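The structures come next, written out as structure tokens.
Both complexes below contain subunit A, partnered by subunit B and then by subunit C.
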Partner chain A sequence: MNTAQQSASEVRILKIHNKRIDAAAAGEFRQKLGEVVEKGNTRFVLDLSDVELMDSTGLGALVAALKASSDAGRVVIAGAQGAVATLFKITRMDQVFRLYPTTVEAAAAFKRASGK
Partner chain B sequence: MDAPSPPRATVLAVDDARDNRLLLRMMLERAGYRALVVDSGGEALRVLEDEQPAVIVLDYMMPEMDGAEVARRVRATPKTCEVPIIMLTASHEEHHIEEAFAAGANDYLTKPVDRRIFIARIEAAIKAVEDSRKAKAADEVAEEWNAIRTDLGEAARVQQARLPPLPARFDGWAIAGALVPGRHVGGDLLDLMPGLGVDRVVALIDVSGHGLAAALVAAAVSSQLRTLVAAHPLPEAMRLLNLDLCREGSGKYACVAVAGLRRDGVEIVNAGLPPVAVLRDGECVAEVEGAGVPPGMIETSEYQSQRCALGPGDRLVLMSDGLTEPFGAPDRILPALDGLGLRDPALRIDELQPSDLAERIRRLGRARIQDPDDATLIVAGRSTSDAGTRQGAER
Partner chain C sequence: VTEPWSFTIASEPACVGPLGEGVRGACLALGMTGDGAGEVELAVVEAVNNAIEHAYAGNGAGTVEVVLICRQQRLTVEVRDTGRPMPAGVLAEARAPDFDPTALATLPEGGMGLHIVKTLMETVSYERRDGCNVLHMERPLGP
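This part shows the complex of A and B:
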């Protein structure tokens, strides 16, 4: 799993560089998300702008990370597009996760929510 | 700095002549072997109680116990029975060779021994043992793999056998369907079941992931659903199913669509599957999208049903995303409906055999997809002789 992390004003951004998050990649995806959650990052943005396909196992890994964090509001998604965005829509996970077009907008939403 | 070479194998050499022992030790150690050199068969057998050499080199002619007797005892001992033995004979003792092989020797050399040939034979003996071990390990892997393939084939047969007999006809309804797993067995399942206040409930289940684990969960979900829809309205049954799956902790979730068939139409709850379609005269007059997250994901999920009219000749189509996958958009069902030929008004549901539908599914271009998803299809409709309303979708 090819990832990169950066921190911007207490908002951790985890960018996934893989084009596919399927059964082959889901285990590592789950591990990476788990590490971010375990480090106690209070807020993090998952940047999926490079991901072209996410299957049910990938979505399952994402939900597992969400459950592992005590507050669903800590995790937001940025850059989901095409089939990935559709997956969020048909599973109604767009009602569970907050989705933003870009990481900048996602981070700004965090700041607005915290009044900073 | 170069890393030190790993120590080479141990060779046990047995010869009663001191000069020969010195020569054997020199040749072995120059070639990098750890040499254990002893002067009698009895001493060799004592050494073998503590050592496991890669090769044993035995002089044939020795006092007290000759090489053939040592070889027989080595072969009779489980710990050493597979250690290769090279017998050394003098050139005028070649008549002993047959006896040496009969005693268990793998190879022989006549004295005087050429150093390069001696070492080459040692290496060949060690390689033969390694090759034998690799072949045995490969055989074990192949045997295990064959057992797994047999299990998977049997699981696939059982999964297909457990599907309801299709096409099904009852109370003026006709239902057809097929399940084409992406691998041997699928995490998809279709089922027909009695439901509270409805003629029948059709259910399509698509468990996250593929293969046996997903198939096990799908079977469990189907069983739970069967119990729940018999006692509860569909939205409540789905809520309870969701709670059960969330508490189970299998880490799996299930995209589920259930449709309760009634004389006055159909009640649908879709949770995570592509839109459920109502077709009329080849046109898609209703698409029922997901109304709740797939059971097993979020404990607090609630579910709502949507009712649609379903008159004689109308078709209700439920499909898993393995059917929309070839078209690149999980929520776009029209390309799949066209590709499957389901918008053909002349199509008769009660004549659609699972094998026919499976063939239509395979023709969708799934072969081009790397690791295709399971694909499941259910088509239900009222028989054309049954009177009914033809109202539009009640959204």
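This part shows the complex of A and C:
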């Protein structure tokens, strides 16, 4: 799993460089998200702008990370497009993860929500 | 009617990515939009994942064949395996996950595959044919 992290104030941005988050990659994706949460980054933006396909196993890994982040933290999504955005909608997970077109908008929404 | 595309893979998760990319490429070659081709790819990936996990119980010992046929501006996709048949009623009962978005502990981490397939394709049926399990899916080529 090819990722890069960047901190914008207190909001961690995790960019996924893989084109696919599928059953073959879901285990590593889950582990990577778990490491981010374990380091105390319970609020982070997941940048999926390079991802062309995410399947339900990838989505399941993301849900597991959200559960581990506790109620105080949230995970928001930036850059989901095409079938990736469709996956969130048809599984109703767009009601769980807020989706924004860009990381800038996602980070700004995070700050507005926390009053910072 | 165009010549059918046929892809056969070992029942291993690592083989699904190249298969999906082949399906997406075939859909684009047939004139589907990028979003449409991506949706068919996702439906096929979910169907193949289902065969690998349930028909073959994840043992990697079987094969999964995907056939795409275009006829009169409609795309037909069949996913065929020779593993354990899907129990009756599973496809018909597959529906959108029911959860409270604010109750984290109740959020589903799986069990959404067939619902995704049924949502992305216009018609979906399942049958046992000549010793194979066949998931048959159709949708228009256009939006």
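Throughout what follows, the second predicted complex is superposed on the first by the 113 of 116 C-alpha atoms of A that agree within 3 Å, B and C clash if a C-alpha of one lies under 4 Å from a C-alpha of the other, contacts with A are read in each partner's own complex, and residues count from 1 in each chain.
Quick note on the criterion: a contact is a pair of C-beta atoms (placed from the backbone, for glycine too) under 8 Å apart; a residue touches a chain by one contact, two chains touch by 3 or more.
From a predicted model like this one, the values you see are computed outputs, not experimental measurements.
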Between subunit B and subunit C, positioned on subunit A by superposition, is the outcome a clash or a fit? clash
Based on the superposed arrangement, let me know which partner A:56 touches: subunit B (first), subunit C (second), both, or neither? both
Partner chain(s) touched by A:86 [first = subunit B, second = subunit C, both, neither]: both
So, A:38: does it touch subunit B (first), subunit C (second), both, or neither? neither
Based on the superposed arrangement, let me know which partner A:64 touches: subunit B (first), subunit C (second), both, or neither? both
First (subunit B), second (subunit C), both or neither: which does A:22 touch? both
Would you mind checking which of 279-287, 315-323 or 387-395 on subunit B runs into subunit C after superposing? 315-323
Dual-contact residues of subunit A (subunit B, subunit C) 22-24, 55-57, 59-60, 63-64, 82-83, 86-87, 90-92, 95-96
Across the complex, what residues on subunit A touch subunit B? 22-24, 55-57, 59-60, 63-64, 82-83, 86-87, 89-93, 95-96
Which positions of subunit C touch subunit A when the two form their complex? 13-14, 16-17, 20, 34-35, 38-39, 41-42, 45-46, 49, 52, 96-97, 99, 101, 104-105, 107-110, 112-113, 115-116, 119-120
So, in the complex, the side of subunit B touching subunit A is made of residues 206-210, 251-253, 255, 271-275, 289-294, 297-298, 321, 328-331, 371, 373
Name, in rising order, each residue of subunit A that touches subunit C in their complex. 20, 22-24, 52-53, 55-57, 59-61, 63-64, 66-67, 71, 82-83, 86-87, 90-92, 95-96
